[in-house]
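Have a look at this one before I ask anything.
Chain nomenclature is as follows: A, B, C and D, assigned in order of appearance, with residue numbering initiated at 1 for each chain independently.
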Amino acid sequence: MHIERYPELKPGRKWIKRFYLSIMLWTVGKAIPVAAKVDKEIKKELDKLPDNFTLRLMILPERALGPFFYAKMLPAFVADKGLLPYGMQMIIHKDKEGKLHYQGADPRGKKFDLSMAFKSLEAAMMVFTFRESTPTGYAHDRFVVEGYLPYATAFMRVLDIVEVYLLPKPIARLAVKRYPKWSEMSPLRKHLNRLIIYVRAFTF
Amino acid sequence: MKTIAGSNNRILEINLSHQQFKETPIDPRDRELFMGGKGLGLKLLYDRLTPGVDPLGEHNMIALCTGVLMATGAPCSGRFEAVTKSPLTGIMATASCGGPFGMALKTSGWDGLVITGKAAAPTYLVIDSQGVQFKPADAIWGQDTEAAQEKLLQEGKGALVIGQAGENLVRFANIRSGHRYLGRGGMGAVLGAKQLKGIVAKGGEVRIVPVHKERFTKINKRLGRSINQNAVTSGSFRSYGTNANVHLSNAAGILPVRNFTGGSHGEAHKVSGETMAAQFKTTWETCKPCIIKCGHKGTINGQMRPIPEYETIGLLGPNLEIFDPVVISEWNELCGKYGMDTITLGGTLAWAMEATEKGLIDTDLKFGSPQGVSEMIERIALGQGIGKDLAMGSRWASRKYGGEDFAMHVKGLELPAYDPRGAVGQGLAYATANRGGCHLSAYVLALEAFFGMADPYSVRWKPYMVKFFEDVYAAVNCLHICHFTAFAVELEPPLIKLTPNFVVKILNQIVSPLALNLLDLSFWPELWHAVLGKHYTPYISMIKFRKAGERVHVLERYMNTREGISRKDDTLPQRLLTEGRRCDSEQHTVPLAPMLEKYYKIRGFDADGIPTPRTLKRLGIPVK
Amino acid sequence: MQIPDSYEFLLYPKIVSGRCALENLPTELDGHNAQKPLVITSQALARSGRTKALIKAFYDSAVVIGAIFDPVLDYAGISQARQAARLFGNRGCDAIIALGGGPVVALAKAVNLLASEKRETLQPYYDGTPIAGPLKPLIVVPSGPTDGQEATPAMTVDNRTIVSDSLYPGVFVLDGRMTSADDGRDLAESAAITLAQAFTALTMARPSPMVDALAHPALALLAQYLAPALRRPADKTAGLALANAAVMASAASANTGPGLFQVLAAALADATGICLGTCLGILLPFGMAALQKADQPVRDELCLCLAGTERYSAMAAPDRPVRGLELAAALARELQAVLPASLKAMRVQHYLLEPVARTAAEKGAGGFTADECRAILTRAWEANA
Amino acid sequence: MLLPSFYDFCCRVRTLSGIDTLEQIPRQLARLRAAHPMIVSDKGVGAAGLIDKVVQAMGDGLKIGAVYDQVPVDSDYKVVDDAAKVYRRNGCDAIIAIGGGSVIDTAKGINIVVSLGGDSLLAYEGFGAVNRRLRPLVVVPTTAGTGSEMTLVAVIADPDRKIKMLFPSYFILPDLAVIDPRMTQTLPDFLTASTAMDAMTHACEAYFCLEKNPLSDSFALRAIRLISQHLLEVVKNPGDLNGRLALANASAMAGIAFSNSMVGMVHNLGHTVGALCHVPHGVAMSIFLPYGLAYNLGKAADPIGELLFPLAGPEVFAATPKKERPAKVIAHIRRMNEDLHAATGGKHPRCLKEVTGRDGSQLVPRSLLPAIAEATLLDGARLTNPEEMLPADALPVLEHAWEGTPLGR
């Protein structure tokens, strides 16, 4: 038997999907701390998490994406500011005072109290292109939770609300189990908060 | 002595169960469409045999037919054909033989026999111009072919006889006539099942003369000259026999080595025709009448023995990794005595060796070691121990014990000694050959691997070539004349002789149909027309000749499809489709699927490989 | 519903089915602590480009494919098993993925056995040596025709069967990209096997509620998706559903053993060389008719699975067993639109029926005698129900 | 039968069911290449004589390595570590767990530690930590309800951090589950009722929650059918071995169903009242089940309606128009609770206010309901419920369940 007939195959990369997902993670990561300041309910949910708590949403364990070549040159304290999108992770830290910070995608030197890891890039694509809502994704085992499950459920509730803010209604309806009713979130509040979140999240 | 111009035109039908016989004239239309020999035999069975009968049962039939050239004195015409349903493959089997029985049958005044039924006790038949006598064979039952034949020949000029293998229903038992055999497909077991030990034809009762004597003599001489000029027929085959091919095959990498894994072997020269000729001081021992003289005998260990043919050498030699010509010829003689096909035996033994190596069966057979082979041959012939399973052929044995992937057969018939991975056209020919793994259906490999007239690895036009040669050889088997005359008939005409082979190769690559249609085959149809006294039209007659061949080939295919053959069976052993030869750095396999697709199309078969009604109608085959 | 006095049940393989199921492969491997699988697949699947989708499923993961061993045709033999086992060792693989069905899976099981136990032949196992320890993880990605043995602890290599719990594949990954059929014939053959297995499970003498629970969705999916799949073999939903049914039925058969149909069809396939699925497809209606005549009590479950709760409830209680058989026979007849209608049409040689019937009866064809088997075969030969 | 867009299903537990299956344990252990098992159990099981029964049934074919019967009701990792030491000290090579959910989960934990090495279970918390085949684990459930013998997660508490640790892995699944009615024969009637209703809830929720799939549906359907056919009989006639066997089978099948399709708000509420008020799990399940069904009518009316078939039989199913079936299902469950209440002489509570502790005090004060509602948000089962349930939605449900009034929409 000629062994060369059956070559070894190293896994390739899906660059476009990686790029899309890193932008999505960056957007959500930047939006959550701002939303926590604006929205009472998010604040309430996040209050359930202990202080000095680090959580991450992870799609792939690599810390930087090839095209974002600058990422590898940045020292940790700059990278942790999360100023630019560059990775396949989203790290959020709750400090001693209960304030939230988006810390980019660099897991170096951090200890995670809660980690939600997608099983594969395609699984993350299913959720982040809203073909599957977060609960469906959870039910379909698209991601695994490491850490205390109740914190994860709280965080998933936060994600739901943030998605409602960030996304236009037709898309957000796909992403959450039940789009908030009038009584839960008035359109005025929604649009106002949406504006604030967008402006504050992306104006540094 | 009665003189008959043309042919006897009558068939003797024998029923062993009732010990009856009757004379049937040959329908002139059948003579026109199916000629004689193989074609006629198939047509006779097509009219008489119900599909789905047990090959070893009472209702199976065997037809033995001569062609119109028999006994006319045409060169290399001493051949006759047997047709039956094979117990090895379960489909139609045809075999051609050059022994004296054909001549004796024809000169007894018969063009053919059809035997059916089953004798109550061992019997042999004596045939003369009046009919047949049924005689008890208890005295010779259990004897080997040589002894039995000697006894039978006291009653006539030619005999057919089976050995112990046939009596024990070894599925690849053959029938012997003189020193030649109706080799393949297990005809011996069919006779054995009918309790028929042998058939003797008295012979010498009628004289056959061609209708157009002068024309016949002229063509005869021309053909004789061509044969004597041709490098193969007058050179290598005449000097060394068919095992002159050992060198050619080894060089082309198509020699079966170690159950079709090698392709060539450094020691192959030890069993080549050249070596044997020198070592054993060979002389000729051939069919009559023959001027090619491929059959040889020689002094081996002080005894005069037949020199094995190339296929026997290939399959009992390199294919078992054995390179000792003495043991091979011993086994060859053993097989002759027991009455067994050496090709199937070789293929089955190679399978058994590999299966032993891979832990599927428990025997003491080993590649490269002659130890235990003679004993195994005996056990197979006599049906003892595992020999009883091997006597069923490699397909049956591999279904029972596993190892189907390296059981080298097509449709149950073991492959001959050419590895088609070095000649892919031959791969297609094996897959589509009607009786199974057979090189005589279309000998494309000669163009691909020996003469350099076609690219051995290209699939382009190969289906067309295979169809062309299948048609031609089917017609040759109807005449009936020796296949080897093809070298002379096809290659000696000036057009092809003067064109260098590499140009032929290029032509074959680009415009193969054109090149093949320009091939001059006129000798054969001319002989046919001269014997029967018909008008010969150049080219048109040649086309008609090929069409008759096509008709016979398709008829046989159609009969096989009635026995369950379809596309699924037109395949090759897995090894040829998935593994490369050891000698081949590029690891070629046979790309069968695309060739098969194309082949069906040009043959006029449907996608499942069944002849379409339109094709049958075009060829004048009555649909049943 | 009756619970039998005692029964044993095991559904060993994990089933992962649906959208993006292929992309779960790296995770499944990781769950078994494996990083370098050897992929075994057939020539046909490699040609049809299915392997490409498989390779893509490993993109952006840490998994390196050790090799794709793809010369398998329709026979699993020791030669190829040895080659693949050598490849497995050479590349330092630690898991096996079988992409395909039937011989591919059988070969993968054999390779696993050879590679994990470091042996050259299967001879000792034929002789009854038990398999020593747990083998390497084996993941099956069904594609193409099945032989019904994939989800069982049995493997048939070189026409001989070895049964051992160690041979169960760990995971089945069913993905619409892989399970859609290329032609209706393959699909019908697989469906015939599924139908026979599920039918056997639901009509066997000692019913177990868990086997029922396993066979139920198999039969229900088959009843629902067979027609659309036969109409359009490339239909992904239907293909996936039938593949699901096939795995479930196969797993059910691991708990029931072969019934009349399987034994009879296996004997016929052995004798004629026709594939098992076609044999089953032809035999099913005639065998079911024979069962109906044999007056063996058939449980209501069969009807429930085939008719669904709604139609089942609407029927009068005493009619249910008969209606169940009728529905099953109707399903079998659906297959005959694609498969040959009789053994005669399949050109099975008549003289073979006798030995086939005898072999089947010897192997214990659901308690049927050689004469009864021959009667079924004869009717199937003539297409005379 | 609808094929979901995605599902996974795993239940690689060999199940032995029947009247005489305990006797087969030695043979099966030999098949797993073990001969020296440790028995893990709790005091209650031992007191009921069940351990002896098992040991006796297994006969002389097996040498018991050790018996650890110290598993408390709320087992924690310290118990596990402790038992693992016993296992090692006695050179055992397998575990036989005899008991309910807590014992089985503890045994799973012990198996992790003894198979993968190390001193403490803490090292193996979270996904992916258990990624090798473990040693043989045989489970003999003594309650026909929890279905833990079929689940692939072990829940073990960490009292220091005051959390429940999850150990999800396919390798945690037991190798063998032995369902023998002799093990549940002596269960008191009210426990029989509540554990069976627990299984019923597993099956019902498996049938309508988000991860439902054809296999879990099929197992759930059969479990429900068995329970509704046999439960009342068994409660009235505790010695009915066939009925016991049916319930034990149903519990196992419900376990298979829900461990593969996840559970919904009934478990969400149940877990919460269990954690905050120590309401027994089975009791909470039987109370919340009708409310869970009613709450999800908006999104899952069809599957809920189909439950009428196994619950009430084909005749009632055929006679009820499709639209009325969900309501009838809920009514049927309520009636079952009523019947059980009557059959157990009031020991089977129908609503939260009827739930009492050992001392007869009310376990769930009405004033606690808002706090309970708030806490429901943190339970994982919230995610797999078809309908979104926020604390604001949970409160009315809890109030109705407390009163025992049907949930109007």
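To be clear about the criterion, a contact is a pair of C-beta atoms (placed from the backbone, for glycine too) under 8 Å apart; a residue touches a chain by one contact, two chains touch by 3 or more.
The structure presented is a predicted model; accordingly, all values stated were derived computationally and were not measured.
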Query raised in the report: Of the chains shown, whose Cα mean is nearest the mean of all protein Cα atoms?
Result: C
Report task. Please state whether A-D or C-D has more C-beta contact pairs across its interface. Result -> C-D
Requested in this report: Could you grab the centroid distance between chain A and chain D? Build each centroid from C-alpha atoms only and quote it in angstrom.
Outcome: 34
Query raised in the report: If you average the CA atoms of chain C and of chain D, how many Å lie between those two points?
Result: 33
Query - Mean-CA-position distance for chain C and chain B (Å) - result: 42
Requested in this report: Spell out, as numbers or ranges, the residues of chain C touching 2 or more other chains.
Outcome: 18-20, 24
**Report entry** Where chain B touches two or more other chains at once, by residue number
**Finding:** 579
Report task. Enumerate the residues of chain A that touch no fewer than two other chains. Result -> 1, 140-141
Report task. All pairs of touching chains, please: list them by chain label. Result -> A-B, A-C, A-D, B-C, C-D
Requested in this report: Enumerate the contact residues on chain C facing chain A in the complex.
Outcome: 18-20, 23-24, 26-27, 55-70, 83, 86-87, 90-91
Query raised in the report: So in the complex, which bits of chain C are touching chain B?
Result: 43, 71-73, 75, 77-80, 82, 120-123, 126, 157-160, 270, 272-275, 346-351
Query raised in the report: What residues on chain A touch chain B, complex-wise?
Result: 1-2, 5
Requested in this report: Spell out the residues on chain A that touch chain C in their complex, using ranges where they run on.
Outcome: 1, 3, 6-14, 17-18, 60, 119-123, 126, 131, 140-142
Query raised in the report: Which bits of chain B are touching chain C when the two form their complex?
Result: 51-54, 57, 90, 358-360, 398-406, 561-566, 568-569, 574-575, 577-579
